[in-house]
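Shared between the two complexes below is chain A, which has chain B as its partner in the first and chain C in the second.
Moving on to the complex of A and B:
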């Protein structure tokens, strides 16, 4: 099929943007496998498996930190959706008194710098015995994630008119059945996006983890920070690759799974999956 | 078994201090009857339907099915399936799953419901598309699936909210016949909301005409033409000739002249109405000299405006009568076609 020039220009644009995103990862890759890489050289002069050994070292800190990060971020995603779903339903689906004020309070945790509120939370957590525990870290990560999930889900529910649910009711579905079989499948892509968002926010959290975890709960960002300040580019690059993996994974899954219903047979968001 | 549906004094206000969307509506629908709620948009007809379905609670009045109030019954237990203006198929289910939805929700045995779904799809001629997604169907096909989805649950009441208005003209008359046939075959008591008087006349056993939430007239379609309850009702059904006058002893003195009536009429100030298609170009009783002021050819008929000494009349005549503007004619208002309204 012959391409129109407009399409070709758009494709060129996509290539440029993709290159700008991808290029910084090239040195990361090279550093991970580098043994010796001095200033004027374009490529490392010596290769070494040191970075990979560090990552795969049995019983090493990378495994523990990755597991902690995965566990906390996964739990944060689930809990954020569990809290954000009813909140989003209420905000998006209903009009009620003082709604603006409620929205303001829901957004407050991301308007106020989290550092400020975490100081107070830390004192309380010490008293409750939650400081220096993974559960405490999980709780404090909810502070920035819940507002986002609530707002994302509110916009998902605002697009729903409730007509499908009405139709379901007259066909014999109870209110719960209509929610379970009509509303939930309808909002599933939005719920997934909200959950992925919460996962990524928690995954990349450093300061809140350090403050509440007190160095006892080690997550990937903490390893990365100490490696970066330790001035070892091999270890830093290796860790950075691991750190970016879930984000790339999430992006790929999102593009495959969250395809809008395209009547022309196009796949994926903005037609990325479409062969031309 | 078909059921009788009764609405008694049903009112609804959306806002506590606002105008009622529906005011004191009382109608009864006989078992197996198809009733049209007719009126311009915003007249409260959809509100009435939602009250029957249980999607809205009335602010006053009662809804009874076979004499028993259903106001305390949630929508899913009223067995009042509703078909909406939009097909509202569930986008994540294929056609067969959409049609089987109601049966699944009621926990019907799988084998039994599969054959009922097939039968329902056959009735609407959609069995070959059972595995398609709603997004792959045309609007008319989607609406047929929506109809099957409602009927397969074997409802006591079939409620339809302008189910044909989103379809194009050809499809609409086809669907109209299908709706009527399926409703007759199933003997289900049905209420149909529409703003299209032609649709109401063709489909309904009786029509309830609503203006601004108030019932104007509830009768068989023919009656809306022969004996409208008010000038507004007559106007909604296309009557355009209104003659004010004073009635006495079976005659009415109007600006046109003295008109004799075929039916006894009240004495006093009245409005006479006659449908454009009832006027005759002939002499005799109640006839007057007139001049053609305008003529509009409409294919199956010609609309004329007739200028007489005291009034303007609209006449609709068969197209083989060709009259030019300015021609002098004699127009007769047959007494049996004159209907008297109190002023």
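Moving on to the complex of A and C:
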């Protein structure tokens, strides 16, 4: 008995799990560069740059859609950190009456689909001239992102005791100086992770953008969705790879900050699963 | 707590409460009003429960509800069992490696997962090609139809791929805590593998597993994209049904679409309440 067989089994297990995780990416990579790939060939018989050309086509739709997606997701990330940071400070740093209710209210859009509320608010958006605009899309994307930034940052602030801030104040720093030079650098990694996840959630939105953007605001998932409903696996796969790129980048960055070896390594990650 | 503290808390919470209060709760309130038939935009100002009577009495809604419960239930159940098994067998592996492997599907957009899995399980996909190479099938149509099918296999597979790692990370976090030491004690005292799982590990991981499963169930109950892309045309899951009613040219169908939305919101909110209740009880215990 002892530890060694367990360890070996764990390593075999991780290979199996890694293979299953990688499996859907295999056809995506192969199809992106495939020219001719008939059934039942296991590999494409010809390769072609058609998928890459489609992505890089100057003035093409991919370029415009990527720009829209980047712009909206970037703005959503900034805004939801700006809104979530103070909320996280309140929820993580203080105990107060009705806190449970406030947490419930803030978390609600994670479990109650924002699709329901967005259909409800659509008429009002039309009346206010927000429908069919990128700004309107930006606004509804805040619904699924703000709960995440608030909750991630609440857990960041909950881990801080406030002792460093008190020390700074004792040494004569103003409240703002203590926040600017002590609190902010301390929570910066958490803020970065919250912002990246907000970016990713916005980047992955399809139906909220379709409803409020009304086809006027075209983002990458919309191109991917219409390609996937069609019959061209080359274009679909090429788009999927572009669409997935920021997620992989975010993962790399997040893993640097979240330190999975920590005993509570899973804590900050719980709830991040719904990033689309 | 001083008055100054209270003001500070209110001010700090105000932006988030405003965003969610207006854009989310406001939207749900508008959905509720429209579900009652109040649509001045098309000259309807009478309020009634007609849409709810129509929805709750219709065969379409019942079929859709059953399908939604089935998809959410099967996805959650399969994901939970696989996640616990995966976490148990991987808990002695390197934390960093398993974190990367499990984080990847969590971070990948559902749409990409659906497209990739469709290209694996479709009748001309990677799976069918492998089956042909092994001589199991000759023609694509001999491979079982796993997309747009009555059993929603493609949808469930996509959800399982996405959600197993999510639940597994929760279980791993619990296992890496106190469970390891307790299990060692139980082993020294002569407990069998099954006894160690049932009496030591299971009680430690159960609360986290239940909480994570609730999140997955609520999410798969209300999610739209995957069933819209990989689902059959009839019946559809509830959010897709609401969207189809909403897009109908006949504006008279609006109250029905909104009634379905309100019902989805009520069901998922109840799950959210159960989830937080559980979290609070755990915090106390």
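Brief remarks on what is shown
Definition applied: the second predicted complex is superposed on the first by the 234 of 276 C-alpha atoms of A that agree within 3 Å, B and C clash if a C-alpha of one lies under 4 Å from a C-alpha of the other, contacts with A are read in each partner's own complex, and residues count from 1 in each chain.
What we mean here is this: a residue touches a chain if its C-beta (ideal position, glycine included) is under 8 Å from a C-beta of that chain, and two chains touch if they have at least 3 such contacts.
These numbers come from a predicted model, not from an experiment.
Legend: residue contacts after superposition of the two complexes on their common chain; A:172 is shown touching chain B, with no touch to chain C. Of the two partner chains placed by superposition, only chain C is touched by A:86; chain B is not.
Within the superposed three-chain model, A:186 lies in touch with chain B and out of touch with chain C [touch as defined at top]. Of the two partner chains placed by superposition, only chain C is touched by A:9; chain B is not. When the two structures are aligned on the shared chain, A:253 is found in touch with neither chain B nor chain C. Once the two complexes are overlaid on the shared chain, A:158 sits clear of chain B and of chain C alike. When the two complexes are overlaid on their common chain A, residue A:78 makes contact with neither chain B nor chain C. Once the two complexes are overlaid on the shared chain, A:128 sits clear of chain B and of chain C alike.
When chain B and chain C are set side by side, the one touching more residues of chain A is C. Common to the chain B and chain C contact sets on chain A are residues 261, 263.
Against chain A, the residues of chain B that register as touching in their complex are 53-55, 74-82, 84, 86, 88, 90-92, 101-102, 105-106, 135-136, 146, 149-150, 153, 159.
Within the complex, the chain A residues that touch chain C are 1, 3, 6-7, 9-11, 13-14, 17-18, 20-21, 23-28, 31, 39-42, 82-84, 86-87, 89-91, 94, 96, 100, 102-121, 123-124, 139-140, 142-143, 146-147, 150, 200, 203-204, 206-207, 221, 224-225, 228-229, 233, 236-237, 240, 243-244, 247-248, 250-251, 254-255, 258, 260-261, 263-267, 269-276.
Taken in their complex, chain A has these residues touching chain B: 163-164, 166-175, 177, 181-182, 185-186, 261, 263.
Considering their complex, residues 1, 5-6, 8-9, 11-17, 19-21, 23-32, 34, 41, 86, 89-93, 95-120, 124-126, 128-130, 132-133, 140, 161-163, 165-166, 169-170, 172-174, 176-177, 187, 212, 215-216, 218-219, 222-225, 228-229, 239, 242-243, 246, 257-258, 261-262, 264-265, 268-269, 271-273, 275-276, 280 of chain C touch chain A.
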